[in-house]
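Next, two complexes with chain A in common: one pairs it with chain B, the other with chain C.
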Partner chain A sequence: MMSFDPYGNPTYFILLFVALLPLMIGLLYGRRSHVYETIISFVFLLLTFGGVKWHTGIALICYLVYQIVLVGLYSKYRQRPDSPNKGWVFVVSVILAIAPLAVVKITPAVSHGASSIIGFLGISYLTFKVVQTIMETRDGVITEFHPVLFGQFLLFFPTISSGPIDRYRRFVKDYESVPTREKYLALVEKGVRYVFLGFLYKFILAYIFGTRMLPVVEHAALQAHGISWALLGVMYVYSMDLFFDFAGYSLFAVGISYLMGVETPMNFNQPFKSKNIKDFWNRWHMTLSFWFRDFIYMRLVFFVMKHKVFKSRITTANVCYVINMLIMGFWHGETWYYIVYGLFHGFAMVINDAWLRYKKKHRASIPSNKFTEYFAIFLTFNVVCFSFLIFSGFLDTLFFAGRP
Partner chain B sequence: MDETKSAVLAILQDLTGEDVSANMDANLFDEGLLDSMGSVQLLLELQNQLGIEVPVSEFERSEWETPAKIVAKVESMQ
Partner chain C sequence: MKMGKRLFKIFGPIVLAAVLLLAALLSPFSFGLNHVSKETEQKAAVSLSANVLKGRLIKRQALDDGYVPFFGSSEWSRFDPMHPSVLAQKYHRDYQPFLLGARGTQSLTQYFAMQSVKKQLTHKKAVFVISPQWFVPKGTRKDAFGYYYSPLQTTDWLQSERNTAMDRYAAKRLLQMPSGSSDRVLADALARVAAGFKPTKSQQAYINYKARLLGSEDEFFSRVGIADKNLRKVEHQTQALPANYNFNQLDQLAGKIGKANTTSNSLEISNQFWRTQLKRNYHRLQGSQTHLNYTKSPEFSDFQLVLNQFANNHTDVLFIIPPINQRWADYTGLSMKMIQQFDRKIRYQLTSQGFTNICDLSRRGSEDYFMTDTIHLGWRGWLAVDQKVAPFLKQPSAGQLHYDLNDAFYSKQWQQLNPNDIRRFEQSN
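Take a look at the complex of A and B:
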């Protein structure tokens, strides 16, 4: 049987287009068929998780049943008229929701790189969706649990492998309604544009940077041993590859969602134009950074301030930045370079905030003009590219594993 | 000016260090006056001073980005 990585090759796109055509004609005439959507979802999930990868398909099914039962039970507990809404029940539920992902992430670190049998493509992204749903149920903003809708939210095939991470309430609103013809035509126009921009990003630019240039500069950097100009080349080339590859994929996922009448949120907004690190995280992998902002950072700050753990607001903000980014590092994987990447961004946020406070206080004496703006963008770009060099793991190869 | 509005504006002045009453439609996030930290402080102050419980899940940035929107949101929750 055929087996594909999502958006991996032209055949996938042709199949996708054929499958979406009836659905698009339906939406154009004001009809949405959940039966048809479910069938094509099933087919495309089978193409991704079937064939030689059938064991990941089994893992996905088990994961899905486990999480639906878990969220269903928690939801039942919260929706009881006299629900005590105990903190420990919530914490245990979140831990249980994260447990499969934790096993998948920790297994390679403790078993010499072997991957866990319960893993499958996209498990991290499904876990984000599960955890946020539990948190919103705890807060009482999700008041009903529909196992089927929740399953469709988790399995929405355009975004299953790497996001963007949607929110349950937002997704359901789109999924349960039909856009007006005018609105749908605008969505199709945008969707098609995104898919074509995605082709440019992923199959041309990411190909040039990642497949053509990266091996060349990496080879040169390894030959040079240690710090070299070639290493600087690796830093920039890898950063460009990372952006165009992931932004290209995200454009496909958003574009295809639009064609299905679902406004999946955008993931990137010209991140290399950022004026500071805070600005960067509002533009880079936005659905992830907003997830961390809303479900980790803000809740952590809320908890810390409510219990008056620290006297100073600044200390509170800073400690929470570092914890937040450190968790993000751990989420990427249990290697030193992901964790250092997280810490690096945590401290970058702390420094960034200190600078913003200083600037606010000394507004009159600090120049602000076109030149300082370009300088800020240049500086931010380089700090970010350096963090990606850490993230790439190339330093690990260069300094620890690359020695002959 | 009614009570809720002046209470909210006082909280915002305390948080942002600026009098925002002249510019009720200014985007506080874009202007760098509020951030996640400020948002949480706002929620806590609303709870302490006005007794309105707003869970973090309810905080959708686009619904809380200007002083006018914040006042409207708080009034709707009272």
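Take a look at the complex of A and C:
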């Protein structure tokens, strides 16, 4: 049987377009067939998780059943009119929701890089969706639970492998309605543009940076041992590759969602134009950083303030920044460089806030003009690229891996 | 209708682009893109790049323009002043080598690389360096073959196969490589060829379509990104040479340069190779090659493909068999007896079929500064090669070549034959 990486080659796109055509015609004439959507979702999931990768398909099915049951039980508990809404029930539910992901992430760290049998492509993105649903159920903003809709939310195939991370309520609103013809045509127009911009990003730019240039600079950097100009080259080339590869993929996911009449949120907004680190996280992998903001950072701040752990609000914010980013680091994987990457960004946020406070206080004496603005962009860009060098794991190869 | 207009605005450009692209790729016209400049030929001739080897247009043009194909492998990257490309340039020889091959290219890769230039090889001369190291028990490495694999050459080959023993064997070998089955339809066609059938009509149509597509791609892109690094090296190395060619003088110079470049070790291995490849593992490698055996390998049949192709095209070929650095062999325990056995077997395969131009250097590995490192010719070794190559390419072709091919060289029996049993093989085949 055929087996594809999502958006991996032209054949995938051609199949995708053929499958979407009836759906698009339907939407143009004001009809949405959930049956047809389910069928093509199933086919494309089969193409991704079937064939030689069938065991990941089994893992996906087990995971899905487990999470639907879990969220279903929690919803039942929480949505009872007389629900006691105990904190520990909530905490246990979240832990149970994260448990499969934790196993998948920790397995390679403790068993010499072997991957867990319960893992599958996209498990962390599904986990984000599950945890968020549980949290919003706890908050009482999600008041109804439909197992089938929830399953379709999790399995929405354009975004299943690497996001963007949509929100349950937002998704359901789109999925349950049919856009007006005018609006849908605008979506199609945008969607097609995104897909083609994605082609430029992923198949041309990411190819140039990642496949053509990166091996060359990496080789030069390894030959040079230690710090070298080539290492600087690795830093910038890797950063460009990372951005264009992921942004290209995200554009595909968003573009295809639009063609299906679902406005999946954007993931990138010209991140290298950021003026500071905070600005950067509002533009880079946005659905992930907003998820962390809403479901980790904000809740952490709330928890710390409620229990009056720190007197100063500044300390509270700073500690929460670092913990937030550290958790993000751990989420990327249990290696030193992901964790250092997380800490690096945590402290960068702390320094950034301190500077913004200082600037506010001394507004009169600090110049602010076009030049300082460009300087800020330049500085942020380099700090970010350096963090990506850590993230790439290349330093690990350079400094610690025994050369053959 | 408003919706139709809007949809046309959205999808019209895509449809138009797709039509134009298909037209450009499938049209028989080359839009004037099939011209390769002299500079590109010059760069490509020494670039050793996989793209040049895999491509078609540049090789064809360069060989049409009088470049002589020099088939081989990693030795070509040893650009010292006595390298064939350097000597040919410095002394304005009436031939220029077009180097084909790099690290990891073996007979099978070379056979397919020949497919796109069959016409250019016909009744022409060629040089072919046979590395004993190719003839390991497992034959060519699958990943190395994959790195140099060109679907274009496969379609070229499929379009001209005639169900001979050569074709069937080549198809079988290709199918054993992951790259050979990377395209399902081509793999099915190969399976038919291997079994002695023609590809089906629809496979044939697919092959023709693929050939056109890949050919156009080759015309559009093959010139992109050919580095001039090696050409600059060659030009730089010519500066070390005296204005006039004098063998004795050059031989002395080669010895002098060799001596100056091998100061870091006692094996007469170039300082650079020593520093980057050997120093670290030196102690580990002592006595590590006592079990190496180059006398039994599928490579012997892969090499037969190359001979077969040369014979089909009536190519006049000079074969070069390089030696192994004696000091290195002594250190690693490589058996010289085994090397001589290999030599006997490969020479039998050559001479018994009429390939008698052989520059056999296999016994000269102990001469000073003959090798640049462990197994690669350098300085005086290159000069010894030149002693054969220059006259060979100067004299007009012998006219009638008498090749007498024997399909038994495709057999497992030959691949695994102990060189002591050559007589018996000869009698039974």
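As a working rule, the second predicted complex is superposed on the first by the 401 of 404 C-alpha atoms of A that agree within 3 Å, B and C clash if a C-alpha of one lies under 4 Å from a C-alpha of the other, contacts with A are read in each partner's own complex, and residues count from 1 in each chain.
Definition applied: a residue touches a chain if its C-beta (ideal position, glycine included) is under 8 Å from a C-beta of that chain, and two chains touch if they have at least 3 such contacts.
Quick caveat, the model's predicted, so the values are computed rather than measured.
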Chain B versus chain C as contact partner of A:147, first or second or both or neither: neither
Looking at the overlay, does A:189 come into contact with chain B only (first), chain C only (second), both, or neither? second
Given the touch rule stated above, what does A:297 touch, chain B (first), chain C (second), both, or neither? first
Determine, under the contact definition given at the top, whether A:22 touches first (chain B), second (chain C), both, or neither. neither
Once the structures are superposed on A, label A:356 by its partner contacts, choosing first (chain B), second (chain C), both or neither. first
Is A:215 touching anything from chain B or chain C once the two structures are fitted on A? First, second, both or neither. neither
Applying the document's definition of touching, compare chain B and chain C: which contacts more of chain A? B
In the complex, go through chain C and note every residue touching chain A. 3, 6-7, 9-11, 14, 225, 276, 280
So in the complex, the part of chain A that touches chain C is made up of which residues? 28, 181, 185, 188-189, 192, 196, 212, 223, 403
Give the list of chain B residues in touch with chain A in this complex. 17, 32, 35-37, 39-41, 43-44, 55-59
Considering only the defined contacts, which chain A positions touch chain B in the complex? 135-136, 139-141, 278, 293-294, 297-299, 301-302, 305-306, 313, 316-317, 320, 356, 360
